[in-house]
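We just call them A, B, C and D in the order they show up, numbering each chain from 1.
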Amino acid sequence: MSAACAATETNEPDAGLVGALVSETLARLTLFAETGETTTIDLGGLPMSNRHRAALDDFLGRGEVSASIDVIGRTEVWETQFSGVWRVRHFGDGAIATDLIEIAACPKILCADRRDARLAARGMAEALELNPGIVETPHET
Amino acid sequence: MKPDDTLAGEMQRRGVSRRAFLKYGSYIASLMALPPSAVEALAEGLAAARRQSVIWLSFQECTGCTESLTRSYSPTLENLIFDFISLDYHETLMAVSGEAAEEARRAAMAANKGKYIVVVDGSVPMKDGGVYATIGGKTNHQILEDTVKDAFAVVAVGTCAAFGGLPKANPNPTGAVAISTLVAGKPMINISGCPPIPEAMTGALAYILSFGKLPELDHLSRPKAFFGETIHDRCYRRPYYERGEFANAFDDAGARQGHCLFKVGCKGPVTYNSCATTKWNGGVSFPIQSGHGCLGCSEPEFWDQGGFYRPLSTPLGAMGPALAGAALAGAALGVGAALSARSHQKHYLASLDKEKEKE
Amino acid sequence: MELLAFARGPALTFSLAIFVLGVVWRLVGVLALPPWHDYSPPREGAPPNWLAAIRAVFRKMIPHKTFLKDGMFTTINGYVFHFGLAIVVFLFVPHIVLIQSLFGVSWPGLPNGVITGVGGLTAASLLGALAYRLTSPVLKLISRPNDYISWLLTFLPVATGLAATAHVGLRYETMLALHILSVCAFLIWFPFGKLMHAFLFVLSRGATGIRFGHRGAQL
Amino acid sequence: MTAKTTASGAAYDVQGDRADTERRDAAMQAFVRDFARTAAIHMESCLRCGMCANACHFYVTTGDPKYTPINKLRPFEQAYHRHIGPFAPIYRLFGLKSNVSIEMLQEWESLIYDGCTLCGRCTLACPMGIDISELIKEARHGMYKAGLVPDRLELMDRTAKAWGSPASPSEDFADIIRDAGEEHGVPMNIDLPKADYVVTVAPAELTEHTKALSDVAKILNKIGASWTYSTEGFEASNIGYINGDLPLQEKMTRKIIDNAIRIGAHTLILPECGHAYGAARWEAARWYGKKLPLRIIHMTEFLAELVTSGRIKLKKMGETTCFHDPCQLVRRGGVTEAPRAVLKGLGLDLTEFEDHGELAWCCGGGGGVVSNVRADPLRFKAFSIKRKQVEDAKTQHFVTACGQCRITLTLGAKHDKWDQKVESLLELVADHLED
């Protein structure tokens, strides 16, 4: 670390933090596998530096699913290489606002809300009414 | 069918799903260190809430608090709060002025009697009948009393409103006082800081909106979620403090290596705020990270702690004359005591001589 | 912060002033008493008075072996809390900063972990001293309120200091204020009670050193 | 003059028929007079650590905390804080230190006289270096003024005033000297108008140890010195010094010094007596306020000079011995090497006690305790320390250089029915002079 950047670099190497986080995740994952109990670990309150974050994500890796949500700003969701362990990262004004490890079948933020669905159903019905032709099989031209 | 006037309804009309509330709930829960189980409660509470009428009063202040809160200009997570509240009166932000503005305030108060929140920034001058700050011919004190009367809660934003701040600093020419000294019998929150961390303001408001009650407060009525720990306790430079590695000046090797700033006057150990964790400007940095000690701006009387660069463990005020005077007085008393003792002894020796004469 | 400001401000200034006043008062009050001139010829080869005094000051730091048989606890425990107090008072960085602000001199400090450990040991040692004073028949007989007050006012700064750094008890700034106030109480009491031995030991040992040196007797 | 006891059972004697307050005031005034700078510093310095207790033979052998040396100073201390200390005006103004009561003085009489031999071992134990023994000696001044002194000591005081010696009238002195000379076949010098050496004596030599009188003469004759005993100033033991009777101390000091100066002596030889050494060697000059024109030396120092300089030759005894260090001579006098040099000259192989030299245990009889019959039981208890040391040493001889120590140790052995002879260094030297 050069002297010049030291003043702005917030990380004080703390090898224990990432290890502790991973152990905690493992414990919660085991619990989820056995009982189905879901949990969320909020990384926000922890003294995480970018290096910590990188080390953690390095370890967790990338799995099959990744999604991007566009709601009041961006949100990134991806499954880690460990099935059932998700990373949910909400962005605020350009920076990470909330950073979570979610242990669940599927992160809540990905799922549609039934109340939204009810409204959507109404909207879809209205749309259909406005354009009944859409349901007819289009002719090959 | 009556339009859905809940916040969820408003958002839906703008084509935003309930995911927004879930995301916002996560954000607030994370900010306030609430348990993950609170996320849904927050989201549901907010979704079901109605737009909150807020009347913002500015007294002896610098508008820095407003700047802090409205800092970002793109509609993002951080300022979503403006979609949840109805800022019915705010001199700096509102378009109207003059009597029309005052009329807006009165209208909002009448429409939301007992339900509106009064946010105050700035302290209130009380000296000389409060003439040092008047709006529309009414003193700050009158306006405050008038507005708060039918409010649901009062939020004092910034150190001036919370504790008196700069206007109250020695010699306090206007007789400035904190809002809490003038507001009795209303739920009251202080969000101190100069300026306060915007997240602390929005977090507190969102909490009230979601749960209909005040968050847990400390003995200075500050939300514990943001003011529960000292800067020092959460400071990334803390390990340097523990190891005894300090910057002795702002330009020495210690300062360059990012050592603890205690010796150059950092007030982190006695300052309760979340700068070290929430940080500023969207989590970019905070004063200590930028190489300057904490000023203690979220604490009462922070201007009058003997100087920002005076280390916390040093005495306030000049010792020299007091100690010199004490040494002189001590010497005088010592000589006096010795003379008195000697006179006791002389007295005895004289009596011995008399005995000898008798013999 | 108001209590802390009071502690750092008027309380500290006042107590330091009383400390200086009392120390000077007591030293001058004693030293201004008439001296006792010894006209007897010194033993051949007797050291000059100043040397005899200095020798006595150092000689008395270690007791004769024979007195350790029954005075082992008093001696070892005394050393533990004296060194402990010295380390905590003079090698904890915030304290050094205070000293620097008063006298302009400073020196490197020790890591906080060491200070906390030494502080804990010191507190334990002080409690041991008190327990001994409360149980030994000799000490029970010769102890005065002075001894208990001096003990308490020495123990309190150690206890409040430890509590403040360990975040035990009240809020940090309140504990810090109480710590400073306990030091103020210590400073105010210092010149008037037996804490004054921190200055007097030089005079007391030195005076006997001069008497014994003159006679060629060993201390 | 009747023996009384305090409420707690402590014995005390009272002299005279003054009112209690008058006595108390007299004591206080005398206490107050004594606080010069050093005493005041020491009064300020006690830490109440109790280290002095284990240095005291009376505490160690009785286990009674009241014998803790610093405790013996309590009335003296109280007087100091009320009248002399830097905060005395405040103490008086607010009544923080009460005046010493007569009951307290009565209670402390036995601690100050019976319970302290002025041996000064506590001074060496004190981490602050407080010279407790010196302070107790000063406290005795007030006790004497108050008329609160053990009757036996007061009797000796009056005898000394009347006779010039607590042991024998001055008129009998010349006869005693002549008798001793005749008995041991040594030519004696008495009342010579001029001499280089004036020899003084201690009470024990006028009664039990009269051989010492001729032994000194034998040695002085041997070296061909110009010397004399002198009726006008023979008594070196100073009961005023021990009792706290300052005028008597001055009178007795002046008597031997003035006399020696008159005779033109360059050296005043003190007898084998500890307190005589303290009173004359270290305190005599105080009454003159200047340096004295003659040398004052202890018998042991004199013998050591003669032996080491070869002025006398001694027959080698080739036996083993242990040595009791007299407190006033060694610990408080600094004469540590001299007796050892003499023992070496005698060819005696010295086995040192575990605590010897400046750390030696007191015989238990110093400071007038041996003369104070009231203290006998206490003294016999303290003797057990010395007895054990001597028994552990397993030597053929047991020697000392102080007549009072010798008497104390002999009485102790007698009380214990323990067959142990205590010998005098002077007598051994005189008995082994090479012809």
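The definition used in the following text is that a contact is a pair of C-beta atoms (placed from the backbone, for glycine too) under 8 Å apart; a residue touches a chain by one contact, two chains touch by 3 or more.
Note that the coordinates shown come from a computational prediction; the quantities given were computed from them, not determined experimentally.
Shared contact partners of subunit A and subunit D comprise B. Each chain's centre was taken as the mean of its CA atoms, and the one lying most distant from subunit D is A.
Per-pair counts of C-beta contacts peak for the chains C-D. Among the chains present, the centre nearest to the common Cα mean is that of C.
Separating the centre of subunit B from that of subunit C, both taken as means of CA atoms, is a distance of 41 Å.
Chain centres here are Cα averages; for subunit B and subunit D they lie 77 Å apart.
Averaging C-alpha coordinates per chain places the centre of subunit C 37 Å away from that of subunit D. Here the CA centre of subunit A is 61 Å from the CA centre of subunit C. Shown for subunit B are the residues that touch two or more other chains, namely 333-334, 337-338, 341, 345. Of all residues in subunit D, those touching 2 or more other chains are 35, 84-87, listed in ascending order.
Those residues of subunit C in touch with two or more other chains are numbered 25-26, 28-31, 33-34. Taken as a graph of touching chains, this assembly fits none of the simple shapes: it is neither a line, a ring, a star nor a complete graph. Every pair of chains that touch is listed here: A-B, B-C, B-D, C-D.
Partner subunit B is touched in their complex by these residues of subunit C: 1-2, 4-5, 8-10, 12-14, 16-34, 93-95, 97-98, 100-102, 108-113, 167, 171-173, 176. Residues of subunit B that touch subunit C in their complex: 219, 230, 233, 241-244, 246, 262-263, 269-270, 296, 299-302, 304-306, 310-317, 319, 322-323, 325-327, 329-331, 333-335, 337-339, 341-342, 345.
Listed in rising order, the residues of subunit D touching subunit B in the complex are 29-30, 32-33, 35, 83-89. The part of subunit B that touches subunit A in the complex is made up of residues 8, 12, 16-20, 22-24, 26-27, 29-31, 33, 36, 39-40, 72, 74-78, 80, 234, 236-237, 239, 255-258, 277, 282-285, 289-291.
For subunit D in complex with subunit C, the touching residues are 35-42, 44-51, 53-55, 59, 65-66, 68, 70-71, 84-87, 123-131, 134, 281-286, 288-292, 295, 330-336, 354-355, 357-359.
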